[in-house]
Structure formats: C-alpha cells, structure tokens
Amino acid sequence: MTLVWDVENASAGYGAKQVLFDLSLQQAPGELVCLLGHNGAGKSTLLKVLYGLLPARGGRLSHNGRDVTHAGLAARLDAGIAYMPGGRGVFQQLTVAENMRLGLAAARVPSAARDERLEDVFALFPILREFYGRRAGLLSGGQQQMLSLGRTILSRPTCLLLDEPSIGLAPKLFQDLLATIQRMQRQMNMAVLLVEQNVHEALAIADRAYVMKAGRMVYAGPPSDIDDHAKLMELY
Amino acid sequence: MVGYILNLLILISISGILAGSLNFIIGYAGIYSLAHAAFFGIAAYTGALIALHVSTSLLIAIPVAMAICAILSLVISLPSLRVRGEYFVVASLGLQMIAFTVFSEWTSVTGGLGGITGVPVATIFGFSLRSLGSMLAVSLACLALVTFAIFALVRTSFGRNLRAIRDNEVAAAAFGKNVALTKTLAVAISSALCAVAGVLYAFHVSFVNPESFTIDASVLVMAMIIIGGTGTVFGPILGALIIHLLPAGLTYLTFLPSRDLASLQQIIYGAAMVLLMIYRPSGLIGRANVKDTWSK
Amino acid sequence: MSLRGRMTAALFAAAVAAFATPAWAQNYHIGALLPNSGPMTQFGQLFGNGADLAADHINADKMLSKPFVIDHEDSQGQPQPAVTGMNKLVRVNEEPVVLTAQSGVSKAVAPIGEREHVVTINGGGVAPDLAKLGPYFFNVIPLVNYEVRALVPYLAKEKKFKRIAIVYVEDPLGEACLNELKENAPKNGMELVGAFSVPSTSRQFAPIAAKVREVKPDVVFVAYYGQTMVALVKQLRDAGVDAPFTSYSGFDDPDLKALPAAEGSIYSSQKMDWASTDPITARFVADFKKKYGKDPTFYNANYYNAVWVTAQAMASLEKKKQPITGENIRNELLAIKTFAAVGGKMEFQPDGTVSMPMQINELIKGGSKVLN
Amino acid sequence: MLFLQLLVDGLQLGALYALMAVGFAMIFGSTRVFHYAHGTTYVIVGYLFYYLAERLHLPWWAAGAAAAAAGVVFGVLLDRWMYRPIQRDEGSFFTVFVASFGIAVVAENVIIILFGASFVSISTPLTRVSDIGGGIVVSYLGMFSVLAAALLFVFLNWFLDRTDVGVALRALSENPDLVRGFGLNPRKLSQYAFAIGSLLVAPAALVATCVTGLTPTAGHRVVLISIAASIIGGIGSLRGAGLGGLILGLAESLAVWKLSTGWSEAVAFIILFAFILARPSGLFGNRARV
C-alpha cells in the first residue's frame, strides 16, 4: 500500500532557529491522524512543511509514493493536498463568495466545474450558501471556521492538513465541526492530519496519534494507548 | 587643498550627526522617518535667524534650535505616531513635503526660495570660528558628543525599552511599557540631536534656502545609515563618509565624458544604492543577523 | 579590517585622489561653477559654451604668457552642491576667478568668494539682489530692473497695450519684475490688471490661465526662468490665453524659440547686434557658429565677455608685473572699468553691476528679431 | 464662471492624479513595496511616447500603446529582478524603498544623457482649448483625461470584483501569508499588481507629454502626489486613493478661486496635513495593522 505521507527525518526552522528535528511520520490513505503536543512543539510548523509553506532543511517527504520534498505549493495542491491554516483562515475583507472563489482559483478549477464544487461544500455547510454574499469578517467565529474548512475541500483533496480548527469555537460548535470532519473523511475517503489542543476530542475520532515535544516525535501509535491522563502527561 | 579636505570633513561631520540622530530612531526604535531633513531645515533656519538677530554664539544657537526642534517634533509626531510601521513612513513623507512648502512659502521668515544669506561666522566662548580648522574642530567635537550621547542613551533603561518596542511593539506594550510616550520621546531626542547638525550647517555654509531640505536630503541621510549599517554606533558616520567621498572621488575620474559627468555620477551613485540594497542590505558594518529585527 | 582601519583607508584614498591633480603652475586657471546637471542644464551648456569659446580665443591670441584654462564644476543649480564645488575650485585649484550663474547659487557661493578673495562673476542671473553680494561679486549682465524699465514704455507707446497682467515666480526675480511693473506701467499709461504668483514647484498652470483670462489683458508679462517658463508659456497659450506674452531676457531661450506658442512674444535684453561689424562681436558670432553649429545667444555672449574681461585684467596685471590674484583682478576690473566686449562697450559700476544699452526683441518662428 | 472653469480644470487634473495614485496604492497595498520608481515608470512612458511619436513619427496611438506597454514591462521587471530578491533576503520595507529610489536616480540621469535635461513635449492641436459654452474652455486631451480615467476605473472595478486575479490581489493586500495558505503564489500576484499599477500611470504620462511637457525629474512629483492621495484616501484603499487624487486635483485648481494663485500647491499639502493630524487613517483607511 502506498502511504499518503511517508516523512523521514525531516527537519526545518525559521532563520537561525531550528524547530523540527529528524521527524518521521506515516499516514495511510483515508486515515485520520491527530498530532498532539504543547504549544511551540512544532506541530503547525510540520503542517507548513508538508504543505510547502516552509522548506524542509533535511530529510525526505514522500506523498503517495512521490518525492515532494522540493515541490512547490501548486504542485502539492495538484497532488491533492489541502491545508487549513491555524487562526484566522479566511480573508476578513472579502465576501464568502470571494473567499471560495480564491479557493477554486488556487485549485485551478475550470469555471464550468466551479458550481458543482461549491454545491459539495454547501451540502456540508448550508450556512455558507445563506451568507454567500456577506463579508467574511462579519461571520461568527464558528461560521468563519466552516468557511475556512469549506474552502479547503474545494480542491477535492485526498489529504487534508488541519491546523487547530477548534480555535475560537465554543465546545458545542467544535464537537459539530469534528463530526463534520469525520463525516468528510469517511465520505470522501480523505486522509486527515489534525493538529489539535483539545486532546480528548481529537483522540476520540482519530485512527492514530502522534505526539510531538520540542520539535521531535515522542509517540506514535493507537489513540487508545494514550487516552489516559497519566500517560499523556508523561509524554508531554 | 587643505581647505578642501577640511571643508569636506566638516560636511561629513555634520552629516554624521544627522545620520546618527536618524539612526537613533530607525536603528534603535524602528521608527522610519523620512522627515529628518525637515527638522534639519528647521534647525538651520533657527540657527541662521538667531545668528542674524540675536547672537552668533553656538552655545546659544544650538540649545535654542534643539529645543525648538524637540517641541515641534512633539507637536508634529504625536498624531503621526498613532499609525505604525510603513504608515508612519508615508505620514513622515507628507510632513517632509509640508515642511518644504513652509520653507519656500513663508517668505517673511525664511526668505522664501531666495533663502537667508550672509549668516555671520559662528563664535564659541567669544572665539570666532572663522578658520575652517576651528570649524572642523567644533564639528568633530559635536559629532563626538552626539555619538557619545546616543551610545550612552541606548544603554539606559530607556534604550532597552526602545529596542523592546522595535523588536515587538505589542509585547512591549503588554509588559506595561508606555509605547507612545517612549516613541515620542525618542523622536524628540532625535530631532534635538539633529538640530545640532542644522545649526552647524547654517553657520558653515552661511546660506540657508529650502533646496537643501528636500525629500532628496531626507533620503540621502537615510541612505547614509542604510549603507553604513543601522543600529550601529559608527555605521552612520561611515555612511556619511562614503556618501560624501563618492561624488568627490568621481570628479577625479577624468576619462569620463565631461558633458555627462554629472549625470554619470548620479547614475553610479543610484546604482550603488540599488546594488547595496540587493547584496549587502544590512549595511557595510551592519549587525550580523538583521533578519529578526528588520523583517515585518 | 577594523572600522578605524577602513575609515583611515577611505580618508587616505580621498587625500591621494585630491592631491593627484596636474601641476597648476604651467597654466592660468579660472573656475566655472555652472549647472551641468539638474533642471537648469540647458542654460549651463549655453553659459559654458560661451566661456569655452572665449578661452579658445584668448589662447589663439596669446593674450597671456601662459595657456588659459577653464575648470568646470557642476553646481547642479543648487546651493549645497554649488558650495562644495566652489570650495573645490577655490581651495583645491586656487582659482582666482569663478564664473557662476543663478541667484540661489550665486548667493550661496558669494560669501566664499569674498572670504577667499576670489572674483565671482555672474552672467546669467538677473535678480536684483545679485547687486548686493559684496565687493568680489561682479555681474556682466544687466539686472532685471533695467530691463523692465526699458520694456514697459515700448509696450505702451509702440504696441499701444493698455492692460497688462503679470504671472511671476515667488522669488526675488519675480518680485522685482512685479514691483517694476507696478511702478512703471501707470507712468506709461498702462494698467496692471492682474498679478498672479506661481509657486516655484508648480507644473500645472491651467488654473492660473483661467485667472489670467478672467482679467482680459492685452499683454501678459511672464516673470519666470528655465524650463518652467517654457511650460508656463505653452500651458497658458493652450488653456486659452490669447494675449501676446512679454518678458525679460530670460525669454531668450532655445526651447522657447522652438515653441510655437511663444511666437510673437516681445522681450527685452541687453543690446546685442549680431550683425555688427565691430571685430570682437563679428569674430564671436562667426566662431561660435563654426564651433557649435548654431547661432549664439546673449548668454553665450555674456559668459564669453566674463572670461574675456577677466583675461584682459590678467593681461594688464602681467604687464604691470603684478601677481595674478583674485584681489588684483578685482581691482584691475574696476580700474579698467570700460571694456570692449561682444555687443559693444561694457562698463562696470562700483557695485560690480554693469550698465549696457537695452533692446526689445520679438520671438519669430525658430528665432528672434530685434524690434528697435 | 471662473469657478466653473476651475472646476472643469480641476476635474481633468484630478482624474489623472487619481489614476497615478490608484496605481501606486495598488502596488503598495498588495505588495507592501514602497514603489518610489512609480514616478520613473511615468517618466519612461512619457519619454518613450515622445521618442516614438515625435522623433520616429509613429502614429500617436501606436506610440502611446508601445510606451504604455514599456511602462508595464518596466514595472514587472523591477518587481522580479529587484524587489523580489531584496524582499526574499531581507524583507525590510526600507531597504526596498532605498533601492527603488536608487532606480529613480539612475533612470532620471540616463534620460538626461539620452534626451537632455530640458522639457520635451509633443505639439498637437489637441491641447488647444475650445469654448464649450458659457466661456468654459476644454481641450480634447482634457476630455480624454476624464474619459480615460472613467473607463479605467470601470475596468478596475470589474477586474477587482469579477476576476480571480483581482480578488486575489485584494486578498494579498489583506494578508499575504494567508494567500500562500490558500495555495496561491503571491509573487505571481505581485507581478499583476505591478503590471496594472504601472498601466494606470500611463494615461497621465501620455497626457502630460502633450499638455505640460515632460522633464526627466517629473517622476518625483508623481510619487509625491500619489503618496499624498493615498494618505488622504486611506492607505490600503484603492477607492480612497482615487478619491484622494481627485480631491487633490480639484483642490489645486479651486484654491485659486478666492486665494492668491501662489496657494494652489500649498493647499494640497494643507489638506494632507489636516488628514495626518486629524485622521491619519484617511477617508477609507483601516487602522494600521500591527
């Protein structure tokens, strides 16, 4: 079986500061993997390296059997990788429609196919159809996250990188969002790599889990093994 | 011959003061002002008017000009400091434009485009600075004093606050630093130090008119510290040296066609600015790792 | 290399460069501090051409015992570069005489000339405040006051203009024109119907044109200089100002002569009869055409004259076996007082200005003709 | 009557100012490049137009189109070969600015060597005014200025609202990092910004070559006006920059209605100063982001 991600000994950093050290990570197709760790452990950095926002300084990234270590953003989008940034993931000054349009443009979806893609997203997030013409900055935090996630799947990715979708969400809304993510993963057979702070909720839906500490992998295995406070604390 | 070198050295000292005072806010506080020539001009006019109507003593002209520049900088910079980063640059550029208009239109005080002529020779403790040597000695002393003042200032807690603001304004504010007050003070100090250069300039050239205080002058000072290296004590002085020696040196390249010599000079000078910015943006003696503090 | 090492090296390089100048003693030198770059470049070339031609003639005539050389420095038309250039000419090259131009530059360098006893000669600026720049400052061009006084009666009597408006730059030159007009127009039975100042940085004159049209003048005096005057004339004409233009000698500008909008304009200048048989003028005109392939202008002639009278003073000093210093040249210029020069006799006043007869010209297609 | 005439003149001037300012604001807003050489683009377009039309006697439309195209190429090449390398290594806003200024100095002096320092202008009867009734006079080129500005603004509106690139450029001005997060290439986008921004300065350059004449140093003023208009309109707002330009043009013209003509330039700066003091974020500006 070809792995969606096969990362070997990746390292990366900003300027003189190294953030990731000799990381390895594997993900199977359709698998929901969650990536845990403290703030500053390097989880978001790893997602950026996978998506191509930050170059890997060492190691090898293999996606669906192809070496993408030095591939550009566009090539990775074409390969089916999509990324939902942490924090504010939508353009506040643009309308919902315009945010979606940029998602379609980035994925180079021809105009004839655009309506169909939009319908897919509306099916998952009906609220976006309702607020289609509204400025994204006027949406609530939860709605903005839905827009951000909806935008991400416009390219019909086979591999989704999610950076803390829970930020700014009330617990109830977050539960809903996770449910949606899980549904998407099942329906579209997407591999999802989820970076999360809400450990228990994330572990509940994950097929497998990784834990990072200070830029290194300290655990890889089934979520059930670490879904226990004491064990997790040990790793953290 | 000696006179020529002395004259050049005086101009370099004055530019060194100017560049040093600008470096104080750019290099240590991260405030990119393009209005420095405006304050230089205000000081030069103040110096010229005091010399003509009150006293030729540098010990009177310099403190008065420093006070006026500091006060004006407070009035003008307070609202501008409300905007940050690039926005401040643009706002300061606007101030520079206005200052030039005032210099050239407020004829009753500034003499308009004709300027103020016949500024008398400066004196200090009653000693006349008629000779270039004595003028140079005073200019160098001022340069040393200003440089030392900046050197000392950035090592106080005020200086540390400035650098904290430069590196991360939000964090500095979160730590309870009064960002607006610190920045305003920094601009006032910088303007006051710049006034020293303005007064010396007015006395040395003995002629003041608006054309010396244009946006080009502001950019030239900026170029000095960028070429020399921001946030360093001697970078601005080195930059002033280079900017003055480059055109002076070029005039000795006699093989260049004379008709276009002036234009060629400017071309070399402009190209040098471009190439330096591309290949050595931290300046000739800049900090080794400027990335963290310079990038947005 | 340490910082101090670098700075020492740079200084040393500058000093070497500065000292590596040719031996000066073999030649006589004077300096020319003209706008060779910047917005006044066009004039800098006019000035320089005239001066260079005079040097050619002086050497050809062997007027002096040593070759005569003019060292050019660029003033950029601005005070600060001018002061630097002046210092170089005066303190490095030790020139006894420096040619200059324009009010701003002249005012900036005159104090240096006075301090160092260097004769400074202006042949281009006509602002009245150039008369007050000290004992070492000479003008070989009549200042604008004299021009307006000669021009206004002609406009009133010969052209029968009744209503005159002025568009002027806010500087000593523009204000002098305005004041002379205020005084002289009523004396000659003309009414000054409007005075419109132009900020020195402005390039957009349509609003001024609207104001000028509003006062319906018979003739419009433009008191400006350089390229901006060209733009001003063109834009006023384009924007519907149909009255003829009139101006001072600054109008004698090749760009204006090439400008259709300026055709028919009347302007004053010092008297200059190019067709004169006077040998100095005839030789100047012929050789100028030969050397530069075009007709000379007043400016060429003025700088020719500036150099010419300087060399005469030097020759006279040589004869008297006196050293060629700025101080001696100054005294000699005032002692000789009257010179035969291009365009006729030139007489220095004790204040360093020159009085010359005036003439009125009209711009015609591609050139100018003398009206009186 | 005078007022109406001044209003008409001010509109023509303001239309061109608006275009220059929007071009500058577009580049500054979406790329954060303080494009001082915007004025150089103006000068290059103008001189090339002059050279092609007046010296090579090309038909005016061909000369104008070629000159405008050259301006676009100049802007894009500067972005690619100068601003990008600097921003990649250093990212300093000011380094970019100084380099841009250096380019302006170089270009200015190359033009002086090639064409001389004095005015060049194209003589055309189109600059002569004719009476459109009531003593109000307008030239064909004046009408062209207003028309060109109107058409370009309609185009710009359409482009920014209805095309992928236009929307992406607005996104770029809001948050360049997020643009990459979306998988778009900010570098490519910034080339579009430079192309369009440079194109917008072309009409002003073409008209100026005929109406006011052109000097190698004219570029500085273009930048000053653009910056002033951007401040008045609010930095980051294209609509604001356009309106700012229009206000400056109108103010420059209308100032002489009651005041002495000497005030026409200063009034623009006084408005600018008032904005800096009272409303530094301009008409439409967001408060500066941290």
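Labels A, B, C and D are assigned to the chains in the order they are written; within every chain, residues are numbered from 1.
Rule of thumb we're sticking to: a contact is a pair of C-beta atoms (placed from the backbone, for glycine too) under 8 Å apart; a residue touches a chain by one contact, two chains touch by 3 or more.
Model, not experiment: these values are computed from the prediction.
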Chain nearest the global centroid, as defined over all protein CA atoms shown: D
Most distant chain from subunit D by Cα centroid: A
Cα-centroid distance, subunit B relative to subunit C, in whole angstrom: 34
Mean-CA-position distance for subunit D and subunit B (Å): 30
Euclidean distance of C-alpha centroids - subunit A vs subunit C, Å: 75
Separation of mean Cα positions, subunit D and subunit C [Å, integer]: 36
Shared interface positions of subunit C, touching two or more other chains: 37-38, 170, 199, 201
Multi-partner residues of subunit A (at least 2 other chains): none
Multi-partner residues of subunit B (each touching 2 or more other chains): 101, 105, 263, 266, 291
Of subunit D, residues touching subunit B in the complex: 32, 34, 82, 85-86, 89-99, 101-106, 108-110, 112-113, 220, 224, 227-228, 230-231, 235, 262, 265-266, 269-270, 272-273, 276-278, 280-281, 287-290
Interfacial residue positions of subunit B with respect to subunit C in the complex: 1-5, 7-8, 11, 100-101, 104-105, 107, 112-115, 117-118, 205-207, 209, 211-212, 234, 237-238, 241-242, 245, 248-249, 251-252, 258-259, 261-263, 266, 284-285
Touching residues on subunit D, where the partner in the complex is subunit C: 1-2, 5-6, 9-10, 12-13, 109, 112, 116-119, 121, 123, 127-129, 137, 139, 211-213, 215, 217-218, 221, 252-256, 260-266
Contacting residues of subunit C [partner subunit B, same complex]: 3, 6-7, 10-11, 13-15, 17-21, 36-38, 45, 72-74, 76, 78-80, 83-84, 87-88, 90-92, 103-104, 107-108, 110-111, 127, 129, 169-172, 199-201
List of subunit A residues in touch with subunit D within their complex: 53, 73-74, 76-77, 82-83, 85, 88-94, 98, 101-107, 151, 155
